[in-house]
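Below you'll find the structure I mean.
Every chain is named by a letter (A, B and C) in the order it is written, and numbering of its residues begins at 1.
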């Protein structure tokens, strides 16, 4: 396997809050190869967005990386200075978020916003930036791009706004695009269209994608490899084909069992027992332990076990399925 | 069997300021829900399902049509005065966003007690505390949480409060407006089980509105598909989802992400823009222009619902029965 | 149960924010002065002693004496009652009427909105202080009329706020839920929407108290409303202003300081009050 484009190693992160220290991430490790599409799934509070923010270096001020690295093309982004990170952001490393309309400036036409970014990052002149902005809008399949470039965000649908943001994100021809819940809240057909667009852009530009979502079905359809997170830990990582046919971590299996599928009935839908543990208190080495039906006494002993069955795969369990 | 809810020819139009014209949010919609039945309603944003829900729950007045509930014409009373009718208690709703639909100043107890205080009989008001505790038990809400405010509860707990409030007066029809879309998948599973259980136990009918087709499928007996203010297909869930007759339904089903690779369908891409719902030409199929199939007739005549392969499956498309080539 | 939690929350808020603590302490002092002023004052505020006139601050008279020999400290203390009473009454009246009218306007729209907005616009068309002067001049030069005038010019402030808050909340899910639960539109406004409009308005009300005190003092300063020998901070500053040039700074300074502290106190109190009232800030 070629050297990974992004290699996250043992990333640990905590937030200082009024109610105590929240250990949001602990020893998170996974890699993304060039051109690969990796899905990062987990329920709310699993730490998937925190991981992305840590990689991009846009964490909240209350957050502190306590250990680990995020090595992108040989450079540890976590250890770098902010000015260095800014050189990567928007160019080789790019991110899009949920709620696209709120990410855009409401009082500026979308074409102008893209042109602004191009003039800042690519140093283009005004006319050249305008032309390239329209080209980019066209590339993200916005019909009638020239006319649409004069539109304000409130005049565009959610799906269109997301396309504008994708245009902004791919303007610098990034090697890695991080998409944090890009289609949550959008219609089913818009969602499919946006994800199709991302896939086409990725294929065309050799771009790798980290797709963050809580929707298992989405990663099942679109990702080469999937990383499953629970309460700040990576519990399993596996290629798509293997993950759904033979999940190894009990949580993965339960997550799959609780996702509605066309063939199954309601009685087959089994929820994951218990609740996500409070990340402020004292936690056992395996944070799924309190919810796991396969737990044994050995599960209370540190360290968190990590089995690597094959390159790029991981199971963090003492008694995998 | 007489339907519990029988709506015919419902329409709602909104005046467009500035540009002029009328937005046809709901256009000639008819539907029926039998006692004890769960009917799903799917459609994407802008299809009018939110407006339809507001019409059926009598939060808004309709412009045309008639709504019969248990034989009573509930459309005759204006929405502002509907709170005083005996039918108010019988049609209730669970909302999508629990944060938005719970009064931040009301404790869980107050929220659940409100309908009983307003519409309950004297006896039920006398035994208010007992009733609220009973409801909390029914929905699986731990009793010690009753004194909490919404922001002190988790999403799943908030939704349970919303459900308890909605069933407090033993309604016959419960409208569920995307009840689980704001919840994690695991909590969703629990809430869906709860809803199925309650329906059986309390003998309610459901109108289950959702954009998530797999979830609708789990709970519903029949399903209606809406597009631009109209119902363009309806039938049993297995009929509509496994053998969709309308091109839009087919595209929708193919777009929904599916866990099993074997169950996946080839993606039907929709090109072109959605037609405007403002003063739509009455003689053109609403889907014309975006439809992967489109014939002259589609641009000249709006299709009516017609039966597909017998039974109650119907779709509004000229292509059904090969009648298009005229 | 909830009363105990309320007190705990109040303690938490005060501990959290030292500014609120200071402002609350100041408020307590002011209220104390207002309630017990006459008994706390070392001398009778109305007694004159021309032999002692224009005496600078001394051990007998901490704030000195004014031009007819009255003890300034006593007058400042006793004036607290009048000033606070005027401010609180004026704000209470304008808060009550303004927020009610504004909430109806924002919630119901239609003619309620039109009426309230017209009244509001009419009031705001005038420079407010001039309008207050005009009202007092028209109704008569009494303290009650200062209260009325201050309340009137303050109405649009609350009406506008309440209208905005009610308008936004009208769309909220819990309003629909309340209607489904059988609340009539009036009840929805009274029991559901209006209480939720209050927290943001409490901050404004507190800031408003500071402004109301200044407004009352300003009207008295120019000779409206309060007549001598009534002790009131504004009129005392007016009386003392004439003497600053000749070196008797204490006559105007101390009532001025008192005014300043009072306004300060109310302004700082605004956020603390909101934290106390808004359940969302509770943990």
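As a working rule, a residue touches a chain if its C-beta (ideal position, glycine included) is under 8 Å from a C-beta of that chain, and two chains touch if they have at least 3 such contacts.
In this text, all values refer to a predicted model and were calculated from it rather than measured experimentally.
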{"item": "Steps needed, at minimum, to go from chain A to chain C via contacts", "value": "2"}
{"item": "Between B-C and A-B, the pair with more C-beta contacts", "value": "A-B"}
{"item": "Centroid-based (C-alpha) most distant chain relative to chain A", "value": "C"}
{"item": "Intercentroid distance (Cα basis), chain C paired with chain B, Å", "value": "50"}
{"item": "Chain A and chain B, separation of their C-alpha mean positions in angstrom", "value": "32"}
{"item": "For chain C, residues that touch 2 or more chains besides their own", "value": "283"}
{"item": "Chain C-facing residues of chain B, complex", "value": "57, 59, 80, 83-84, 88-89, 91-93, 95-97, 100-106, 111, 114-115, 118-119, 147, 149, 151-152, 162, 165-166"}
{"item": "Touch list for chain A against partner chain B, complex", "value": "43-44, 143, 157-158, 187-193, 196, 214-218, 220-222, 244, 254-256, 258-266, 269-272, 275"}
{"item": "Touch list for chain C against partner chain B, complex", "value": "1-2, 172-174, 176-185, 187, 192, 195-196, 279-280, 282-283"}
{"item": "Of all residues in chain B, those that touch chain A in their complex", "value": "44-45, 154, 184-190, 192-193, 196, 211-215, 217-219, 241, 251-252, 255-261, 263-264, 267, 269-270, 273"}
